[in-house]
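Both complexes shown next keep chain A, but they swap its partner, so chain B is in the first and chain C is in the second.
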Partner chain A sequence: MKRKLDIAPFVSSIVAILCGLIIGFIILLISNNKEAVPGFATILSGPVAHGMKGIGQVFYYATPLILCGLSVGFAFKTGLFNIGGSGQFLMGAFGGVLVGLTMDNLGPMQWVVALLFATLLGALWGAIPGILKAYFNVNEVITCIMLNYIALFWVNMTVKGSDVLFNTLRNESKDIPKVSTIPKLGLDVIFDGSSVNSGIIIAIVAAIVLYIVLEKTTFGYELKACGFNKVASKYAGINENRSIVMSMLIAGAICGLAGGIMLLSGTGRHIEVKDVIPNEGFNGISVALLGISNPIGIIFSGLFIAYLTAGGFYLQLFHFSKEIIDIIIAVIIYFSAFALIIKMLMSKFSKKPPERELIAAQKALHDVEMKDKKEKEV
Partner chain B sequence: MQILYFLIQQTLLFMIPLLITALGGMFSERSGVVNIALEGIMVMGAFTSILFLNFTQGFMSGNVQLLIAIVIAIVTGMFFSLFHAIAAVNLKADQTISGTALNMFAPAFAIFVARIIQGVQQINFNNTFRIVEVPVLSKIPVIGEMLFKNSYITTYIGFLVLILSALVLYKTRFGLRLRACGENPQAANAAGISVEKMQYAGVLISGALAGLGGLVFVVPTSTNFNATVSGYGFLAVAVLIFGQWKPKYILFAAFFFGFMKALSNSYASIPFLFELNIQSYIYKMVPYIATILVLIFTSKNSSAPKASGIPFDPMQR
Partner chain C sequence: MEEYAIEMRNITLSFNRKVANDNVTLKLRKGEVHALLGENGAGKSTLMSVLFGLYHADSGEIYVNGKKEEIDGPVKAGKLGIGMVHQHFKLVHNFTVLENIVLGIEETKGGILQLSDARKRVLELCEKYKFDLDPDAKIEDITVGMQQRTEILKMLFRNNNIMIFDEPTAVLTPQEIEEFMIMVKNLKAEGKSILFISHKLDEIKQVADRCTILRRGKCIATVDVADVTKEELSEMMVGRKVSLKVDKKDANPQKVILEVNDLYVAGEKGHKDKVRGVSFNVRSGEIVCIAGIDGNGQSELIKGITGIKPIKSGSIKIDGEEFTNKSIRYKNTHGISHIPEDRHRDGLILDYNMAKNMVFQQYFEKAFSNCGFLKNKEIIEYTQKQIDNYDIRSLSGPYSVARSMSGGNQQKVIVAREMSKPHKLMIAVQPTRGLDVGAIEYIHKEIVKLRDNGIAVLLVSFELEEVMSLADRILVMFEGEIVGEFKDIKNLDLNELGLYMAGGKRMNMKEVA
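Moving on to the complex of A and B:
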């Protein structure tokens, strides 16, 4: 049977993006009407206007966005909300720093081992809410929020307590030696002056692998089935507890990988010993929502948000602070929560008579019920 | 004894904002709407009210100024939570996603506007609100020392909110209807209750209290506002769950969380704790670990509102 391409989620993403941009523009207009137009033009054109360097920065910003987006999106597919990406990211960052600073006998394999260890720690941190959800029926959203803070305090405590890891002067983790940074693969030559590295290639490969897992394997099918209907998939013989744990474990692993990549990219990123949770995991939620949880869609939504972020950086030339980008992204997420409404509106206008009739019938039924109720009240 | 008094006073400072905000979250969740936007609402409430303190600090001071700021914080919180109500109640949107959006919006908005108004994102204010001694009451032995010396008016407002919340939730018709909507909205609807109105009320009350919580968090512990409430909104969600969605347990949970926070801040000045040599990070971690443990042990017969987080659909009756 031929599958029809469902465009409703795509349209709802576009509508959300337009709403976000329009509201962002209105806020710029209210705050400074003279510079609003050039400022807004900078958001839209900024990175491209700065040539290869600007585009390279977009790829650099996109790396953690795509990976964390993949993580959140993958969990979404199994019906789970991974709001713990930041904690998993932090655990990965710690794993990366630990191997990157201590195991210098590994030679050229050091960054590979560091990334693997980062992934492992992230997976571990992601598996905890999965296990609690599967075997103790604890809401994963709450566990994830708690684990974000536990990771934050644990990593800070461990980094601060270690002479090998801690840079006392700057209150952050020490610089990663050049030998253990991720190779640039010539990307720094193409995009001269930017911070891009092979992390973006790892992110895109991860997206493709996840797409294949979700769409072409039995395992992926089981995960999605659990997301659609837990009870039905249990009836069909799928081990739904295992699916929940595996889904969160993989989601955590990807965020951990993102943390490792960011800390080992040699661009001055450190684990800062502050009581502040990194933003990457939360940003992943917006990327996943915009990319409608489809791994390939997430590549594009990650690039789009990275493009806005880079544009926001250049916006500072116009006396606007770059937080306007966060405002725009927040509005985009807010409107993408309305996907259901947009879908309903579209199905009203689309040419699918049976569905339309069904809705009409349900509505009529509801009206009759309401009328009955009113009569009873009278 | 002096150490104990000091610890209790410290605990109160951290506990009251948690108590107020968690009680707010309780109203929302018991009406059937999950509100993880508490963090963002706290930021917005603190932002506008501290901005007011900053603007008026030349010609106003003391508790009159603070009381006006409290009203501003409440109104701001209600207005901001309206967006969550529209998304959750009218548009049947995913409540966690809408809450996440508000959480992201608030600090960005606070920084953006503060920069436009005054160039820097940090808003300073003069703290003229400390009550050295409440007359008469501070003479009561033990309690007077703990509650009525070096206190803030916000502490008493916090306890007032607790009592009122318990009364409204359990002793009024409104409270009963609100709880009905959180447990079985279809049945409540069938009984003639407007679920939409009740959920609006729940979310708006949570907004009012969370906005107030934001101000109450910043005022006693700082002299500036830097577009953050340090994760207290999320901590309040933990308090709410730890407190099993019931006012009296929420009080206990808020006290426990506040006490741990006070310990992490001041354990170095308490001789026998200092000798134990436990790092402050451990004290900071304990509330979060405890919440997870409580969740594990209570999940079998959880007292979470049954319909919390599920958009109300009258057709599902």
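Moving on to the complex of A and C:
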């Protein structure tokens, strides 16, 4: 008896992607039918056509997508919906900027400490809804959304109020000094001209670590058990409250890490003092959905969406507005939300009977065989 | 020639060359109650799916009221006057009884729902069949028995003359079963043809005229129920002799293992306590059975003992050790094994595979984990051993997802898990609920074996038959209190026991203790 791989979710993601691309093409046709074909070709080949720079850019875009996707996916695997990724991301960004600008006596360790502090603040921001959910039964979705706003206004207030952090001319946080940006590890040489840095490596390592935690450890076993069935987990003596808090804490930490990495990558990104919630956390939901919450799947879905985003950038060469790519991505996500329907259609077409029936049938067959054997022996 | 309400002739259906129904013939006479008997997985549900057009049979024909019909779906079946009450009711929980009844055939005028005519008919039907049912009550607020009556009304409202009941009594309390049986007889008197799917022999004897027995997809026989004994029926169903009586020696109780003292468990907010001042003990080597009608605090008592629900006051000792305020994990690892009430809700993670469920109480132990990492190889090997020991059947062995397994085999996973871990007290709540005779016999034997090995067994069951055949001592629970204790099981008067269960009589428990 061998372990079977369930490919249905994978296939449904692929179908979602194809549907999204087809509708994207139709939108291109409607807006400018003469340029539609080359435009569409650009979306698909854009980043690659621009050589190593394009590919490096994909990795750069993918970094926060993968991390925030991991955060949402991890929480989802344990039965929680982390819609507070943006707030956690912002807190992480703030933590990174704070250490990056102020603690300049740390030398080469400054970026490490900055990232750790970013992760810590993100974890704190994730743990709050976790604690409220576990001990006061407050729905995590509501607290997460509220904490997004609290993070936004608190960060704005603090940055604006600090002479060390605030650049009054540009109404944003000051530039991060070169020493505290995260290293490029030679990636900038391979992918010449792009903004890629070692953040992508951190993201992929994080995905692998989370995969191992979920699949191979007793801790992951407990977290997932709570996500699947709280009552039974309690019966088995698992501390469900602790699991909820830990799960949200880890989810928050990953988003915080993403925030730190983005702000410390030295690509001119700042905390802008605006009343706009960063969209990284919400993008994470899409990535997690497309990657069916599987850490390894999320690496690929993050890369894929980053690829489309980078391709969409070049779409402007054909007089399309780059928002079209956002529509295409949105359609893909929309269809991956229909994954269930697609799965259902698949099972209908393959006409597979429910497994239970199969077992019954197998049992019957087994018994007949045994009977035959016995009769032969007689 | 006699005319049948339903005739299914020579139905054969196979999935991927595996036969689920093999040349099955089922004939339902007009105006009779016909039982369809078979073990879990014998092909009863598949046969009904064929009748309702959910599966298309490879060969065979279906006649309804003497006419050959091609049934391509439930809608067609409904048009032919066939209605079915599923084991898990198909009701909309936040709709009223009336809304559920008209759902799908509701009358509208200019897009607005017209319920007054329907209400009049439903009230008439309620009157005629003596249903005590408020058409405006919401489904989520009424009892399971009333929900079932709603399902029956649904069929009556649609003038269905052929009624199929899929294991109708599995979810009912003893009194509701009683009422249901009367209802079936009334419906029969009205001339309805009834197909009754069950594996409870008592009920079949009580209410059915004829019975068709399926075993492993094959039709074994169709018999007049009056002509056969229960033992013969069960033998036909299982394919071998099954002892309905549990073979056991007299108990030899030793030292006290479980000591419960003046236990109180709170009910829901605003309600009175569910367990009120319960004291008893269980010795090693005896089976103590808590009898009573469902909902009299048995479930809360067990949850209080195992720690799943906090207790209000009182104390619990295991083998002399104070257990009252210990964590669930501590209790699970220091002497208590627990086969829970509801295997889907409490006992299993349905999305985990069998191996992961098999170590659900032990995954953190040295044998199965190392520095926080699960030892997958050991877990699989251990599960394989358990599969062999307990004859657990599934499609892909240790890798089978629990959800895909049949109820009996799911229960075997729990039984195997709880029996194999070291324990002094086994708490089993409804351990055979929804299982077929073969599996029940097996689990009963295992429980007696435990007792003989010196384990203290506390059994909660709502089935009197189970209580009577397993218990060495019976405690009767009524409204959260223990109202009677019986030690001489062999000479116990069932009517007497029933009186205690219904609250008509009580002993002074202080005297008994």
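Note that in this section the second predicted complex is superposed on the first by the 347 of 378 C-alpha atoms of A that agree within 3 Å, B and C clash if a C-alpha of one lies under 4 Å from a C-alpha of the other, contacts with A are read in each partner's own complex, and residues count from 1 in each chain.
Please note the rule applied: a residue touches a chain if its C-beta (ideal position, glycine included) is under 8 Å from a C-beta of that chain, and two chains touch if they have at least 3 such contacts.
Keep in mind the model is a prediction, meaning the values are calculated, not measured.
**Student:** After superposition on the shared chain, which partner residues are touched by A:Phe81: those of chain B (first), chain C (second), both, or neither?
**Tutor:** first
**Student:** Is chain A touched at more residues by chain B or by chain C?
**Tutor:** The partner with more contacted residues on chain A is B.
**Student:** After lining up the shared chain so the two structures overlap, which partner does A:Ala225 touch, if you call chain B first and chain C second: first, second, both or neither?
**Tutor:** Second partner only.
**Student:** If we overlay the two complexes on their shared chain A, which of chain B and chain C does A:Lys216 touch? Say first, second, both or neither.
**Tutor:** The second partner, chain C, only.
**Student:** Considering only the touch criterion stated at the top, classify A:Phe338 as touching first (chain B), second (chain C), both, or neither.
**Tutor:** A:Phe338 contacts chain B only, not chain C.
**Student:** Who does A:Ala236 touch here: chain B (first), chain C (second), both, or neither?
**Tutor:** second
**Student:** Is A:Leu44 in contact with chain B, with chain C, with both, or with neither (first, second, both, neither)?
**Tutor:** In the superposition, A:Leu44 contacts neither chain B nor chain C.
**Student:** Check chain A for residues that touch chain B in one structure and chain C in the other, and list them.
**Tutor:** On chain A, the residues that contact chain B in one structure and chain C in the other are 362, 365-366.
**Student:** So in the complex, which bits of chain A are touching chain C?
**Tutor:** So the residues of chain A touching chain C come out as 1-4, 216-219, 221, 224-225, 228-229, 231-239, 353, 355-368.
**Student:** For chain C, which residues are in contact with chain A within the complex?
**Tutor:** Against chain A, the touching part of chain C is residues 14-16, 18-20, 41-43, 46, 55, 216-217, 306, 308, 327-333, 338, 340, 345-352, 356, 360-361, 363-364, 369, 372-374, 376, 393-399, 404-406.
**Student:** Can you tell me which positions in chain A touch chain B when the two form their complex?
**Tutor:** 27, 31-32, 81, 83, 132, 136-139, 141-143, 145-150, 153-154, 156-157, 161, 275-277, 282, 285-286, 289, 320-321, 323-327, 329-331, 333-334, 336-338, 340-341, 362, 365-366, 369, 373, 377
**Student:** Taking the complex as given, what residues does chain B use to touch chain A?
**Tutor:** By the definition above, chain B touches chain A via 36, 83, 87, 91-94, 96-98, 100-105, 107-109, 111-113, 115-116, 121, 190, 192, 228, 230-231, 234-235, 237-238, 241, 279, 281-282, 284-285, 288-289, 291-292, 295-296, 299-300, 302, 304, 314-315, 317.
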